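Below you'll find a set of structures to go through.
Below are two complexes that have chain A in common, paired first with chain B and then with chain C.
Here is the complex of A and B:
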């Protein structure tokens, strides 16, 4: 009885969550493809890829931030602020367009740096700090633009948002490169390891000599920079600049990251998971719209999928823990007892 | 072959033939992934005895008490209570059966009153289901009186009580549920001397009432003061059960570690070299007072003092966690400014912190990831971690310190305290420090692991490392140190050479009595 070794599971819970996501994704693809013939076409899928690029780019540093147990709610407003700065510095202040783009990216990074500085130096909780800058950056965008939009960019500017390279939309190449860079950093480098360690136990990370504050400053700055990059792509894609651009993007980003298995409490999460979460949400949105589901219902479906995927994973984990705790209960007690009686009879 | 149980019991211990054991475990095995925690352990608790359970961390004590308290279920083997077979499917079932467990972390509701805590879950009720507050208070009072406890306010919030008092509440809570077996897991670990005396009084009263107590402690002297019998476990196996009067400390330690430890504190005499760490008026005004001291190569300097005397704060100032803002520090004779832990590490300073769980380790991470955490940048090229080198380091750490683990991919939080401490030490020794600061290096770990860490400290000093050891355990300070410094209220108040340092002098200086100002 005691020799019978328990089956050993060495699978990581993260990998398990990604498997759950992949299964849901394939199932969703299959169902949506049968419901409408306009969904599973190369054109449509590439078009969806284009639409999710901005959220995807911001989801990369957001994964890092959530892995450390932080959050950045200001990304949508940063996007709006960068878009306005790009348009206004070119149109109203007379910056050459390449300089205007650089300026917008720089301002995005600066906005992220401000978040990081307050969070690390003054120990403001990330949630509070970035709710503050969520309002502040949006206010700046509206104040600068005075509700005017900027149009009429030169043709070359639209190459990024509307052009294609080897048949694939330009911005998808950028997203692809970002996924690889962020993925490798998280999985292979000392920074990635530090992020996980900080997420699980920041004190022990400090006591181990990790540059906790510098890394945090870096990831919030990266978050702002990627919001700036997303702003550039956004403006190029929709051909105009408005101050309400990127409203609510932070929620799409966080939903994708959390759906991807990154724990909001820190310590776990992968870039692969975030990408799966991102793709799943985008395809569900599109597929449901194509099958004639109204917008409100689509949001409800996405919310339900988010909750379900988390539930399935935590349920599976709990089952595994229970299985580990409770080995076969004392089944043989009864038989032993009988044996004892029989032994005692003669 | 099945043997009739009663007959066997009679042969084994004729003196208890009349009274069958309150609780009997027979042939218990239990395995967890990668670890066989218990291998056919049998254990009996007689009515009204204090039965001590001894063993190193990882010997299987915790698993055994978790099986008795229904947290785990055995893979095989039987439990019996008063001679009747017993199945404990849950902690609730164990409490119903009259087995109560008092864990190291007390499970009380800090906002509720003493009386409410005592009857949580089984409070007296009135006809319509409302709580009968009057009966609740009367019964709480009676319960306290029955153990001659008159200094506890039954209406006071539990959160405002001292650890010792909270523990008494927890014991009373167990009694309020008519426990006939009380399991106490290291009850004195966090208690003051005075509370320990009071606890012993309560344990003796309970025994006189016929309650059986399973008592787990690492402090051997307590076992001789309190216990009737002692059972020793080692590596998941039952080594022996003896009557306490027929054994002694050396005997018990030998049974626990499987070898005889002649001296608990093997200080090797090594040549003392040049000053490796020198502080001149180091301070963080207005938080701390200026401190001057020196630790030489090959020297172990013990830093004694009460909890809160500023020892850990000093260590963390040296180590750059909370950098000092005044005074100077010299490492190997060179003035050094330490603004961060990373800088301290580069200068060759290592600090093994007091609190393993929050400061020393990232518990949810693996042995491999923890072993490499302090030297991560050395294991990386262009920021990429060399995974082969990392695994090699982890395996070396495990082998060098004899860490008991299923492998380097084991989660550190699942290791026993002593093994966790070895990982913390290993993690910092991987950085090849010149100055090693140890903060309570053996707190809460068993005798065997303790002796190993002491041996290691001697060895490290022998290789020319300067060791500064903070410890609240006087025998450890006196046994290991070449010199003893005493801190009080943030400053160093006395210094003793190894020859001068006696228990009385050091303790006196700690409390604010005599001693030569250092």
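Here is the complex of A and C:
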């Protein structure tokens, strides 16, 4: 009985947040489209989709992680490490390119697994663990490459980052598939529900028999794997491998996820919200750039939007809490257990 | 029950001390070891450049330690140092007396951090998101306002490092030492200072003891901002040209110094002496890589390993004490 009440309460505010985001997105689209005629063209929009793929791919597992109340700051460094391993294993260590790609993906997953293992087995707080590996993985990228870049990949390699399938950039298909897979897992599977439960109350989840540690290990590994995938796409898109690739990506990813309504404290959030946050940030960046605002000023706008969005969400939550407290009977009738308790103590 | 508690308390104090001793011994071993391998490492010129060039990191790490002890984090610190350094340099070049060019950034830093502290304390926003947003605002703002122009032709009397305390200790190093001791004393011996630990350790218990969580957090951020301002001035005054960009990954180095210095990211424990020692250790390691013919590109990997080792040692110690979460 009480289980049925929980998701209803969870879903309502999220849906509201997504509606707000969607409205802002449509308004931004309309304004930007009237300001410049180069913005609302298919070419430009597809191009923007291409540019946001790497951040988008990493934002999927990041949504899972933040929903559980964790965080992964090492993703940008993982991306850099995987890019360097891809380039170096092919160019300097003589791996065939397909093997090098597999190797990079594997190392990404391994990097994520290390995070997850320390976090679950040794109870290292996710924030500090991933700050440590943020430094370590970037350091490995810099140390292995000695800041040299790798270029001159064969032509077929660029198909993923620069080619198109049915008129849509190839990596957008991958992003689309990832969104669907992660979205379905979060909204429609036991694992997805477990993620919310863990974020809401980890101890209770543990006592309810959820395999909390195994799920956590899985999502941090997935985070590393997606960083590896993003690295592959990134290298293919820009035709070169550098050790500073993806630095600061973690901040873009977290901004998209948080803007999408996922609470950093865990327990709430959806993939749809993260996608809306991602698209909103990318279109804002692009639209402002096209209307003549310089690139650095757009970073400012994004920072402001981020702070404003959590301000508004926090105000909304407060008002809801106040409203809920003002009329307790409504909430109590949803769960007969508490209702009887309430009856016992006047 | 009470016996175990009282037994645990002094032991914890001893361990808190041992983190600092450990760092001091590590620094000493590093200097002796690398000095034996390559005597030029311990030449006074190199020692001076290590201390002078990194005093600002240590000063910022003092503020950061307070923020982390209070149970928060600040990732906007690198951007704020970049902005305040430009403000300071800009004022000095515009003909403002050097004293004001030093003091105004401190005031601005404190105000910016207090604003963030207000969002965290009174509106309950997570500090990681607030400071992430502020990082973007400061970083974007700095470059779009200055257009990335470099500030040069700084007046002669602007450079702090040309003076020294008692004729031997250069000013930035003196600042580092004095501020570390003052902050450590303040946090250990005053009610205000101790309230930072109380709020970080258990906010509810602190509230029941009459310590306001909101006011304490506001104070922590404001004080941190002042330290960041001083750090920015120390950073700016050692340069002959101030680039209007944000020093990359500075926040990471500062957080690393705090964590390696023994501040628990869970809040409630740690001291600023450790943070300063850790900042010196990290700087010394960075410098030593060159003297043992290792590429400086490995520095960040060493930083990462240092963080992980510290955290693991901390967890191991907690487990042994039976105080694991």
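The working rule: the second predicted complex is superposed on the first by the 303 of 346 C-alpha atoms of A that agree within 3 Å, B and C clash if a C-alpha of one lies under 4 Å from a C-alpha of the other, contacts with A are read in each partner's own complex, and residues count from 1 in each chain.
Note that in this section a residue touches a chain if its C-beta (ideal position, glycine included) is under 8 Å from a C-beta of that chain, and two chains touch if they have at least 3 such contacts.
The structure presented is a predicted model; accordingly, all values stated were derived computationally and were not measured.
Of the two partner chains placed by superposition, only chain B is touched by A:196; chain C is not. In the overlay built on the shared chain, the residue A:122 is in contact with chain C alone; chain B does not reach it. In the superposition on chain A, A:92 makes contact with neither chain B nor chain C. When the shared chain is aligned, no partner comes close enough to touch A:41: not chain B, not chain C. Legend: residue contacts after superposition of the two complexes on their common chain; A:137 is shown touching chain C, with no touch to chain B. Touch criterion met: A:147 reaches chain C, while chain B stays clear of it.
Residue overlap on chain A between its contacts with chain B in one complex and with chain C in the other: absent.
Remark: chain A residues 71, 118, 122-125, 127-129, 131-140, 142-143, 145-147, 243, 247, 251, 254-255, 258, 264-265, 294, 296-304, 306-307, 310-311, 314 touch chain C in the complex. By the touch rule above, chain C contacts chain A in their complex via residues 73, 119, 123-126, 128-130, 132-144, 248-249, 252, 255-256, 259, 265-266, 295, 297-305, 307-308, 311-312, 315, 324-325. Interface of chain A with chain B (complex): residues 1-2, 5-6, 8-10, 188-191, 193-194, 196-197, 200-201, 203-211, 267, 324-330, 332-333, 336-337, 339-340, 342-344. Chain B contributes residues 1-5, 7, 29-34, 39-40, 72-79, 85, 87, 89, 321, 340-342, 344-345, 351, 353, 358-365, 369, 373-374, 376-377, 380, 383-385, 409, 427 to its touches with chain A in the complex.
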